[in-house]
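Letters A, B, C, D, E and F mark the chains as written, and numbering starts fresh at 1 in each.
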Amino acid sequence: MPYINIKITDEQVTKEQKARLIKGATQLLVDVLNKNPATTIVVIDEVNTDNWGVGGQVVTDLRKQNT
Amino acid sequence: MPYINIKITDEQVTKEQKARLIKGATQLLVDVLNKNPATTIVVIDEVNTDNWGVGGQVVTDLRKQNT
Amino acid sequence: MPYINIKITDEQVTKEQKARLIKGATQLLVDVLNKNPATTIVVIDEVNTDNWGVGGQVVTDLRKQNT
Amino acid sequence: MPYINIKITDEQVTKEQKARLIKGATQLLVDVLNKNPATTIVVIDEVNTDNWGVGGQVVTDLRKQNT
Amino acid sequence: MPYINIKITDEQVTKEQKARLIKGATQLLVDVLNKNPATTIVVIDEVNTDNWGVGGQVVTDLRKQNT
Amino acid sequence: MPYINIKITDEQVTKEQKARLIKGATQLLVDVLNKNPATTIVVIDEVNTDNWGVGGQVVTDLRKQNT
């Protein structure tokens, strides 16, 4: 019955990577808390880098500085 | 003043259906808790089926298995 | 599979009222979108009035002004 | 380490405005609680007006009534 | 920079189990997406069983039926 | 109509500090996007340090290491 929400920046995450996140997060709740995977929900939010800030700066700008 | 967030998979939900969800959720808070509808907010998130997992599986894959 | 989150102020909501919110929200998704209730999750967050603001004011203070 | 989520309707918010929201929200946590900005995260969600309701009505419809 | 929110029912989860959830979720984002763990945030919400519904029923009641 | 959620660790935040967060966040949305403060909602979640992780570590443990 757990609900897990993963928020990441929208930077070319593949369908296969999303499948691994969903599988891994569900398994984590089984391993640690013995939760029933059948009713465990995982939702991945991909957020535009213009809409994500860290350290008061927009991630889009941080990415440019690092290249 | 309540805030209601409805997360569903992004599968051709119509504007009319969204209007019914918004109206119905707002009315529910009026009926049960006598909340003021004027400041009740409803936000609907439509999530790509690639980004939604249940039972450790991606919904996109589950949909294929069911057809 | 929908996930519904209802945030309300923590003001003596009874267990019976919570049950009605859970039942009503689940039924709404059945009625409007034909969702499977068995995997529909509803989570109610009761928030201290000190921690809720509207119009830039703390709800605790708004409640006092209204009495 | 704070996490701040700002949900607004998707109505032509510019990258510059988003940068101001991110900077301002991060600074607010510094000013009030002396939080470390380096690990403060701000996420802005822009929500389609079809998916946002207030007063039981869809914002898309409210916007039309106001013009 | 990812943000992970894990919502579970409040049923005697130990501090050690929470530590494992935090460690495991952070590692998952490293393994799958090569994210920097230093700025990865995990927040666990423990929700009263009166406030959690599945299948339209309150979890508190479901637990009683199962004993 | 914006909705702002501020998540911080539960470490003796005063009612006065919460009022400043609510006022400041509401004003930020007025200043940057000219939003109507009357329907702007701010919700502050105070999270137990046992339930908050950064860098894969529980904040409770990080606090001990820093003293």
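Here, a residue touches a chain if its C-beta (ideal position, glycine included) is under 8 Å from a C-beta of that chain, and two chains touch if they have at least 3 such contacts.
Keep in mind it's a predicted model, so treat the numbers as computed, not measured.
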item	value
Shortest contact path, subunit B to subunit F, counted in steps	1
Set of chains whose contacts include both subunit F and subunit D	B, E
Chain pair with more C-beta contacts, C-F versus A-C	C-F
Interface residue overlap between copies subunit B and subunit C, same or different (over half shared)	same
Subunit E and subunit F, separation of their C-alpha mean positions in angstrom	20
Where subunit A and subunit E are represented by their mean Cα positions, the distance between them in whole Å	14
Sites on subunit A at which at least two other chains make contact	1, 3, 7, 21, 25, 39, 41, 43, 52, 54
Contact pairs between chains, per stated definition	A-B, A-C, A-D, A-E, B-C, B-D, B-F, C-E, C-F, D-E, D-F, E-F
For the subunit E and subunit D complex, residues of the former touching the latter	1, 3, 39, 41, 43
Residues of subunit C that touch subunit E when the two form their complex	15, 18-19, 21-23, 25-27, 37-46
Subunit A - residues contacting subunit E, complex	1-9, 13, 17, 20-21, 24-25, 28-29, 31-33, 35, 39, 52, 54, 59
In the complex, subunit B residues that touch subunit A	7, 47, 50-58, 60-61
